[in-house]
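Both of the next two complexes hold chain A, though its partner changes from chain B to chain C.
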Partner chain A sequence: MNNPTRGPIVTCSNLSMNFGKNRVLDGIDFIANPGELHCIIGPNGGGKSTFIKAILGQMHHDGKIVLDWPSAPGKIGYVPQNIEVDKTVPLTVENFIALCVQDQPAFFGVSKKIKTEIDRILARVNMQSKKKLLFSELSGGERQRVLFAQALIPSPDLLILDEPMNSIDRTGAAIFSELIGELKAQGVTVIWVHHDLAQVREMADQVTCINREIIFHGVPSEVMDEKHLLEIFTAQPVREAL
Partner chain B sequence: MAAVTVSPLRQRGEILFLAVSTAVILLVAAGMIALKKGKTEGAKHLKGYQISGISDLTGNNQGIFTDLYTAALDIEYYHQTNHPAWPAVTQLMGDKIAPFLKDELWQSRGRLDWREQPTGTDAALVNTKAYVGKSTNSADAGSFLVLFEHYHSSDGTYYLAGGKERSYTIWFKNNTFDLPATITEGTLVQNGWKEVVSYTGKDQRKELNR
Partner chain C sequence: MEMIYDLFRHTIQNLAQNGLLPNSLTYTFVINALLCALLIGPTLGAIGTLVVAKRMAFFSSAIGNAALTGIAIGIILGEPVASPYVSLFAFAILFAIFLNFSRNRSGMSHDTLIGVFLAASLAVGSTLMLSVTKKINVHILDNFLFGSIITASSSDITLLVVAVGFAVFIGMKNYNRFLLSGLNPSLAAVRQVPVMKYDYIFVILIALITVASVKIVGAVLVEALLIIPAAAARNISRSLKSFVIWSVLISTVSAVTGILLPMQLELSVPTGGAIIIVATLFFIATLIIRMIRRQ
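Let's turn to the complex of A and B:
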């Protein structure tokens, strides 16, 4: 039976960050709950990815970030925007996922247990037939599917996605949505940096718009109105997106 | 509930580790240099009849020595492949091999007059050969002599005299030119010739490991 609250409550209080003299994030207060898909939107260069990296503990920040787990700290899955692998590196899809998820050194090979897991998860993202292909030879969308797959081993309690849909096709997007829906139903906390406003409006439980500071946050149907979006996405066709 | 505060990433630890590692590497390197310092002067292990090819020769003489050292390899190779023949001086000049070639450099380096020289008749050293270059302008350079000594066994195998690493030695004499009638290492020493010793990397390592 699934635990409806297996993910943590992610709370950021007065989170700020500087790159040299540039203020990248300023006084961010944020909360994401278990079983909730919380989308982060905002213009390019607004600090969305930086915010995500701060939650992952990969940046120096001021303020407080707390992960309040229902019991012992669980697993965190992370899907980056993209990853570059040199074309000369003979790394197959299977090897790549194994490198991401297993503790033993890569030259010992892929353990049987991990192999089974990889097969299962690659089947879920419809990439099983490509597990022996070189990672560097995959298309952008296929890479995103593999990056998504690696974040699901082991099954995460907190899933963080940083614009994984940039180069993904319609089928891939549907797979992502389905899997995220499943995780959400299992009580996983999902934080997703997303640029597709229509999909955010359709899928997200909560949305936070960041442009160095919080511009707005709340339930998408309530806060994602034309006025709000025009403030931040003046160059985008907002009406079409909505 | 288990609340975990995400710590900001700090690089203080990495910087400290890097600084300490660098300091340790520098200290170890400095210590090794200090320990080996006294052993780097290979010339101090020279015997009385030897001089250093690096510190005891003038620029011109160093140039001739280096050319002769290289030419000796060619001469040795020629002899090995054309045994028992040795290349004549005229042949070496024709092949444009320095320091035998009479070019502008030769003009400025003492205009050495090269000739083949009969060697000693030691029965054990069945294959010896000497080329001697007499300086005609001692203000620019001294005289040089290269002496080859090696054995050929009955089956044609080529090997060196006991304890030697090279089949040839290079000798130098400044100002005067006293060539012994019979050329051996002993007679050259008696006539005031000095063996020029070059320290290659291999030689240097050997010196350091003494």
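Let's turn to the complex of A and C:
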């Protein structure tokens, strides 16, 4: 490990949120530690993405959210579920990364200062040969890899993934797992909204199940038993996933 | 500034008198218009790529219509009939801010909301215009509606220089932020882009450059020069770089050709109309190229 406490301790206390009269999060207590992969699971519409946006400081909420950094506030990497790019806008993979990570207008090309870093990260996600392709020409899984790549520049201290594996292929999933493992080893705090229960059991250090409120949380092998999961998911997908 | 314009005018006039440029460029008003075109074309072309990518074409159309109301208010309040700029700028910018505010806060469909604002601004503008026509020569209003090269004065050019300078500075400095906040607000926010603030800056930028171009292109057609060159460029581009370059080129060539060609051919065509017809021809050509490539 280079620095086991690079990321922040993320703490939420009694976090609640309403959309109009609809209570979407209710009294959430949550903690994620540096060097830890903390997965968030739960049924669709259970408030997982809302919870993530609250941690990112993008939603008004009741309760407290604290990012306790080991020293000065570090970098946050964020992988959204998907990105809406008008199919007719000629935005290449390289353009998109440049748009995210540099000040120089992206239409001038990639800044020389970060070109090497962009090439390195794109190579890590197996997308370097496709960097001149338009975003609209990529498959869903390839788009996710690009979205993941931008989150790694600059190297994040807190990485938040909002269910990015909805459409990813097997190779992409292996790349994600490998890179997240490396970040964990470097002391990065990783929070991952995930729907693949088998992979959560395999990879996560901690899991929290949210369906408006906390349904359960703890070490996956201890809390992700069939009884718990059947309470929140339908039986068929759970049996398949487990 | 006047000295710089004079130097530019004399140079162009000398070249035209020596037969190196079209004969129409011996006239001062044509050179003024050419200067305006060289300022408007590249700026609207470049900003247009953002308008198209952020899907705000309908929005800029509403701003163009709001300019009509601004002109009418200016004339009613006693501003100079040929340049009611205070009311024009003030109304268009306030309109843009209010429209963006309503869009952010209401949760309504953008298209519906902009459609309502667009219709309302057109209704108020045309009603006020009718009352204004009793006081002034109606042909002056034609200039604002459809553009006129005859009325472009040195002060109009100075105003354009300032607006273009501001637009280029803000646009270049924040191009990535404007585009990213349109693609994914959450991702932009994580990247330290205050999305709402940049939304407001962008709509003010559109209002500013739209209003500054009204004299040349006309209130009815100014938004078309924001949209058509970018839409044409999009048809043939394979990267952001070629998108911007083509859009700037098409917009500039359309503006210059739209001003000079009717003069050369002695056609009685409003400038705005001529510019947009040329831009549309480019769009059709690129559309054909796109369709051929897709086969």
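Please note the rule applied: the second predicted complex is superposed on the first by the 234 of 242 C-alpha atoms of A that agree within 3 Å, B and C clash if a C-alpha of one lies under 4 Å from a C-alpha of the other, contacts with A are read in each partner's own complex, and residues count from 1 in each chain.
Basically, contacts are C-beta pairs under 8 Å (C-beta built on N, C-alpha and C of every residue); 3 or more make two chains touch, one makes a residue touch a chain.
Quick caveat, the model's predicted, so the values are computed rather than measured.
S.K.: Is the arrangement of chain B and chain C around the shared chain A a clash or a fit after superposition?
M.R.: clash
S.K.: Now for A:G45: first (chain B), second (chain C), both, or neither, which partner does it touch?
M.R.: Neither partner.
S.K.: Applying the document's definition of touch, where does A:G140 land relative to chain B and chain C: first, second, both, or neither?
M.R.: neither
S.K.: With the two complexes superposed on chain A, say which partner A:G181 touches: chain B (first), chain C (second), both, or neither.
M.R.: In the superposed model, A:G181 contacts neither chain B nor chain C.
S.K.: Does the superposition put A:D68 against chain B (first), chain C (second), both, or neither?
M.R.: The answer is first: A:D68 touches chain B but not chain C.
S.K.: When the two structures are overlaid on chain A, which partner does A:Q58 contact: first (chain B), second (chain C), both, or neither?
M.R.: In the superposed model, A:Q58 contacts both chain B and chain C.
S.K.: Count the residues of chain A touched by chain B and by chain C, then name the partner with the higher count.
M.R.: Tallying touched residues of chain A, the top partner is C.
S.K.: Report which listed segment of chain C has C-alpha atoms clashing with chain B; options: 73-81, 145-153, 217-225 or 235-243.
M.R.: 73-81
S.K.: Could you pull out which residues of chain A sit against chain B in one structure and against chain C in the other?
M.R.: 56-58
S.K.: Can you name the residues of chain C that touch chain A in the complex?
M.R.: Interface residues on chain C, with respect to chain A: 49, 52-53, 55, 172-173, 175-176, 179-180, 183-184, 186-187, 189-191, 234-235, 237-245.
S.K.: Touching chain B in the complex: which residues of chain A?
M.R.: Counting only chain A, the residues touching chain B are 8, 54-62, 64-73.
S.K.: Would you mind writing out the residues of chain A in touch with chain C in their complex?
M.R.: Touch residues, chain A against chain C: 53, 56-58, 76-78, 80, 83-86, 88-92, 95, 98-109, 132, 134, 150, 160.
S.K.: Going by the contact rule set out above, which residues of chain B touch chain A in the complex?
M.R.: It comes out as residues 1-11.
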